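Shared between the two complexes below is chain A, which pairs with chain B and chain C, respectively.
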Partner chain A sequence: MSLLRARPDGPPRLPRSERVRSAHALHPGVALSALVVLLLLVAAIWPGIFTGQDPIEGNPADAFAGSSAAHILGTDQLGRDLFSRIIHGTIYSLSLGVGASLIGLIGGIILGVLAGYSRGIWDRVITRALDVLLAFPEVLVALLTITILGPGQWSLLWAVGLGRIPGAARLVRTQVLQIRGSGFIRSGIALGLSPARLVLRHVVPNSLGPVLVHAVIGVGVCIIFGAALSFLGLGAVPPTPEWGLMLSEARQYLSIAPWIAIWPGVFITLTVISVTVTGRWLQQRFISKRSSL
Partner chain B sequence: MSTLDQTVPPAEAVGAVAAVGPVAAPTVSASGSSSGRVAAASEPEASSGPVAEASAPDATSGRVAEASAPEPEPREDAVPTVASLLADASHAEEIGRLGRIRGIASYVGHRILDIVLVLWAAATLSFVALQLIPGNPLDKMLSGMQEATPEIRAQIAAHYGLDQPVIVQYFTYLAGVLRGDFGISYQRASPVTEVILSEIGPTAELTGWAILVAIIVSVLLALATSGRRRGARAFAQGFELVAVSVPSFWLGIILMTVFSFSLQWVPAFGTDGPGSLVLPVITLALPLIGVITQVLRERMEHVLHEPFVTTIRARGLGENRLRSRHVLRHASLPALTLTSVIFGSLLSGTAIIETLFARPGLGRVAVVAIQDRDYPVVLGFVVFAALIFILINTIVDLLYPLLDPRLRGGHT
Partner chain C sequence: MTVENPEALVSVRDLTINFGPHTAVTGLSFDLAPGRCVALVGESGSGKSVSARALLGLVGPGSRVEASELRLGTHDLRTLTPAQWRGVRGREVGLVLQDALVSLDPLNTIGSEVAESLRLHTGLAKKPAAEIVHALLRRVGIRDPEERAAQYPHQLSGGLRQRALIASAVAAGPRVLIADEPTTALDVTVQAQVLELLAELKREGTALLLVSHDLAVVSELADEIIVLRAGAVIERGTPAQILHNPRADYTRQLLDAVPSAHTRGERLSPLPPAVFTRPRVAGQDEAARVGDSARLGTVPARSELTESGSSESGLTVAPTAPILEARNLVKSYPASRGRRTTVLHDVSFTLERGKTLGIVGESGSGKSTAAAIALGLTPADSGEVLLDGEAWSSLRERERRARRHRIQTISQDPLGSFDPRSNVRTLLGEALSTVGVPRGARDDAATALLEQVGLSAIHLGRHPLELSGGQRQRIAIAQALATNPEIIVCDEPVSALDVSIQAQVLDLLRDLQDQLHVSLLFISHDLGVVRHVAHDVAVMQHGRIVEFGETGEVFDHPRHPYTRDLIAAIPTISAPLPAI
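Let's turn to the complex of A and B:
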């Protein structure tokens, strides 16, 4: 992670052998995280593999049951199987994380390329606007978005995603500025390539590295942020098995059935850690690849 | 919320600092000397910088050791310039002082412009948001009243200024923001500014303690784990990852279950007594500790390999004093770039924690206002938070030269 990012501003400190190994070897922790991410993806796409129970309809007679053979993680206040709800909730968290990150990525690329590649007044206008937006905490962007669109799964997606655009745009702009001055772009200009072709075929693909890493690690950030907004009642609406919302509903029953609140939180934490560790590993791979070029 | 994000920006921001400010420069003797010579030759104002800096009384031994290596060479190179400057020293000093005053003035001007720009953007975004919300605000305001006659509607519209054209409403709103007037809450029927000011106390108390705890714990953790054996490093890295990955609302629930419901050590809800602050402060501080420790530790590990550290060690200073007196000071600068992250984290954190622990405060007010569609309060909160945010950023920017005398030269 940032241990690697911090490196460019100073001479490398670790012995070379250790660096190379750490960049390429698949750490057991990373392997485990990748496995968890894989399992979560499967659970999101095909929850039926893991559980046959209904996540929405429960049997009220079974409410607040502890862990048993029938209900691995117990049941919630309406007698719904907790494990089934968590598994069916995977899709909400993952799609929110990936979707919001994508919004930030695409918006960031468009704005970043515009700012980095245009010259003169446009560059200054966009850069200035980005600075102002960067000085705007993401939470406020999210609150404004939800205020406009009203609570719900879709507005949650935009609320989380829009706030990520300025940061991504700044990363792209920095890259574009570097690429624009490099030899092969000047060669392209000399060869008479059209500006559109230059930008789309040469500048953009070469400026994507850092922002892709930003987006991958951002998936974890978005999941946690989305869950927090749902927890506040600004995101998913009942009876959606969204993890943050489940936690929020479980608050009232903390003293009699704490597990209803504990398990969704365990899964959020597990998901975020796995996604982050996997993302950082990808980042290390990317940086070591680039420096070896 | 986005504390986790910090795994990305801090290091990148650290790089930016190193590139912008001369943080890393003096360690590279070649670049240090050449830049010193150029500056001395080109403009008298800049040449007064290094001189003043060298004689600054607070130059700690660490920095002297660091600076002494590259310093002598540029001096010799710059002798002719210095001599010619001494010839009419008073004149040069005058120019230098004037130049510096102008530099500070333009710097302050830029900062004020920034503040105004961000405030204007926040107010405009808020106003646009208000206009974009589908439906007539009057309908929402009157949703509770069955027999709202057209007369009453017109009266209420006039009261809130909703009968004016949009552009007039916009400028009225901007003028109001300038005066600190964000309109009147739909739900509470009192001015938004009053609502915000009356709720700011508990939030300030909570966030203040959280920041204090976070800084103390992170500094201790970074001092204890940076550059130590593998085991300690692995522990620190694992802790940082978990600290930023655990959702604070879940952590709060766990703490509550264990310490309030099971052990009954501290109250779970409310604001009576200092005991009620313990759990909220811990919950709010933990993600901050993760982020700050991470940046501090990595920078300290970086700084521990600098030549000046070897010099200090050679002088026989103990490891603990070396870390706390010299290394920490160098590492604290990049940590300052985390301000915006910390602020964002606190902002979303207070909303969550005040909701969870049933405490009064600004975050709670904002969340309730969104749920109640009390738009003036939401927008007032947004503009107010943006203002606090940019003010804090400005103060932090002004702190850099205080922490690092090398940045005191010119404000560019």
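Let's turn to the complex of A and C:
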């Protein structure tokens, strides 16, 4: 009872609608993140807008040059322009983050709905298989995938994406179990709706809230994890300007040209933070608002 | 009644409460003396709860409370600081809320719940407090208080929970008790016990402020009744005045809206009757509808046919067969330690064509399970349900689905039975799609349905959350009518509604039955409602039907002791009122 606070003489609080709106208002941090994400997207699609220099071919004579007018962020060990490499690397990180998260989302929805709605033997098989996968560390699952598929961008995508499926599937399954017992599903059955319609139009859309949050946060997680695998030499192969790989190559020169390592690191961090902040905001603004109705 | 009363514990003069530009209460005045009870009565939005909360400083954020006097004992409630409020709440004035399951902390035993309030205001140590807690629990009528004090709210029945809540409200010995809909969620026999407990507290000198939508409940306790509507006082007086000689039209309307023995066959609401028509549905599966259309043509004659038991007719189905028949239903659920709880023991009932069968019982009596089996949503362990003399519950879901349009349902909580992502258009459109109404014709058909239930096309784009409780229930009825059903299973269809809205919905259901000859299986805990609507009634207790018969017969000459208890526990406004 003491949870309720009344302040008859205190300053009047905003009516509920006002407070809800201000919660969705664009916070400066969110605005900044959204701007960064927008710039990253442009860089990923048209890297030429930001830099005219070649990310692959360099001039060895310019190796380890510091920041200058010609090379804003300096050059790396082979004399390649660091800024150009980072800009051209954007597409790898972003597509990996979004792609792997999508794989996790779609795989999770399919398995989760199958398990949750069918119950019975399918549920047991799928849930146990997911439990087994969850028991392994994610790195191990990724290593196994890459060992089977061979190194490269695509295997990296699958390696990261597959690791997202078990968590997503569990979230979906729990939601489906809850939704299928709810009043409107029972009333749908009583109305005579077909099972396909019930699942696709009612159970699935109402079960997606938590897994969408999982996927949105997952974009950043996948970018870091992809960069980490590339760092270990399991992802992109030289001379691809992938940020994790660039970090890995730069670590030998840390004492003489620290910026070669620092800048890719800065961009990884910046990307992950901006994508996560923007994603959370989008999710709160659009997804949770609708599902709370 | 506006005379200054120095004896009063509580004095309220010209109480006005605003939420921003919205006025919730205006000009409410009353006095409350020890051992007296003032009742605030009204429907949702009348400002009755918020007025009571003003005495606790719990009106809520964004509110402005003004009064020329707002006094509790020696405290001027208008000038209290938050810290002073905490000293008043619990110690000077206790609050009992409607839903004890929500109002009690699920992680606290009821003993510690009561002790918390006690120790907060008395500073007692744990040990001595425990003994007082047991005494308090015993005082509110909880037997074995030592044992019960160690239990959690979910382990207790609704009645025990409400008693525990009252115990915690009176723990610190407040002289004023505010009871906000204290019996609304309770079964009728439990309600009678809780009212008796409140009456006892009143006799012991507690000043009681009772907030309720139910005039009958209030009439047994109150010394003064204040009828509120939209924040304004409509009428005030003693129970005898208000109940037997109301001056305001609104009070009379409220009284007329209460279903009871006297209202059978009468309209409860002042609204004109609704007009229903059977939809002419194009593109429907002809094979499935042959029986219906044959029946449609003979509908007016049929109810007479069934009554006289005559079977001469060209119908495809024998007209003597009841539309729905449940035979020897048994249902059990797994309980702890491998045992099973049987919720239905050999339950049989029949629903005659065009009639209403009421199933009454208290919570846990198995009436909702019986409804779910009748709807083919839950399989029975044994026994079966026949629809129109043919197999129904024993069908496989695939076969049943083709016939589901014949039996529809309205639930207590339409909000829960609507997909939260749907608006009215999609809700009705989907129901229409199950009987093959083509996409292009659905909006027109949906509009026609809305008009029949007293709504209009402007509601098509609305989300259920934007509608009032009564409007939602109308949407649920429209949805059920979309498939042109022969039976509607109504599971507590009016128990979440205000009495005047309940009256409208009950009238609507009756119009619908009169005009469309739909058979209703009407499940309710409210005996007054069932007595008003049902032709036949089945009384359920502990999963058994203890009495089954024609409504008048069952209510006037109950044979089973449980039925007699139930009927005796109904609070009635026609009961002789003791002059206090």
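The rule we apply is simple: the second predicted complex is superposed on the first by the 260 of 293 C-alpha atoms of A that agree within 3 Å, B and C clash if a C-alpha of one lies under 4 Å from a C-alpha of the other, contacts with A are read in each partner's own complex, and residues count from 1 in each chain.
The rule we apply is simple: a residue touches a chain if its C-beta (ideal position, glycine included) is under 8 Å from a C-beta of that chain, and two chains touch if they have at least 3 such contacts.
From a predicted model like this one, the values you see are computed outputs, not experimental measurements.
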TODO: Look at A:218 in the shared chain and tell me whether it touches chain B only, chain C only, both, or neither; answer first, second, both or neither.
DONE: first
Open item on the list: Applying the document's definition of touching, compare chain B and chain C: which contacts more of chain A?
Closed with: B
Task: Partner chain(s) touched by A:233 [first = chain B, second = chain C, both, neither] - done: first
- [ ] Would you sort A:148 into first (chain B), second (chain C), both or neither based on which partner it touches?
- [x] first
- [ ] Scan A:125 for contacts with chain B and chain C and give back first, second, both or neither.
- [x] neither
Open item on the list: Contact-wise, after the overlay, does A:189 reach chain B, chain C, both or neither (first, second, both, neither)?
Closed with: second
Open item on the list: In the overlaid three-chain picture, which partner chain does A:31 touch, first (chain B) or second (chain C), both, or neither?
Closed with: neither
Open item on the list: With both complexes superposed on chain A, which partner does A:206 reach: first (chain B), second (chain C), both or neither?
Closed with: second
Open item on the list: If I apply the document's touch criterion, which positions on chain A are contacted by chain B in one structure and by chain C in the other?
Closed with: 1-2, 5-6, 8-9, 13
TODO: Show which residues of chain A lie in contact with chain B when the two form their complex.
DONE: 1-3, 5-6, 8-10, 13, 128, 132-140, 143-144, 146-148, 151, 163, 167, 171, 213-214, 217-218, 220-221, 224-225, 227-228, 231-234, 244, 247-248, 250-251, 254-255, 258, 261-262, 264-265, 268-269, 272-273, 276-277, 280
Task: In the complex, chain C residues that touch chain A - done: 19-20, 53, 56-65, 78-79, 82, 85-86, 89, 95, 103, 372, 375-377, 401-402, 404-405, 407-409, 411, 413, 416-421, 430-431, 434, 463, 465, 479, 483
Task: Residues on chain A engaged by chain C in the complex (per definition of touch) - done: 1-2, 4-9, 12-16, 182-184, 186-194, 201-202, 205-206, 290-291, 293
Task: Residues of chain B that touch chain A when the two form their complex - done: 1-2, 4-5, 7-12, 14-15, 18-19, 24, 114, 117-118, 121-122, 125-126, 129, 132-133, 241-242, 245-251, 253-254, 256-257, 261, 294-295, 298-299, 301-302, 305, 340, 343-344, 347-348, 351-352, 355-356, 366-367, 370-371, 375, 378-379, 381-382, 385-386, 389-390, 393
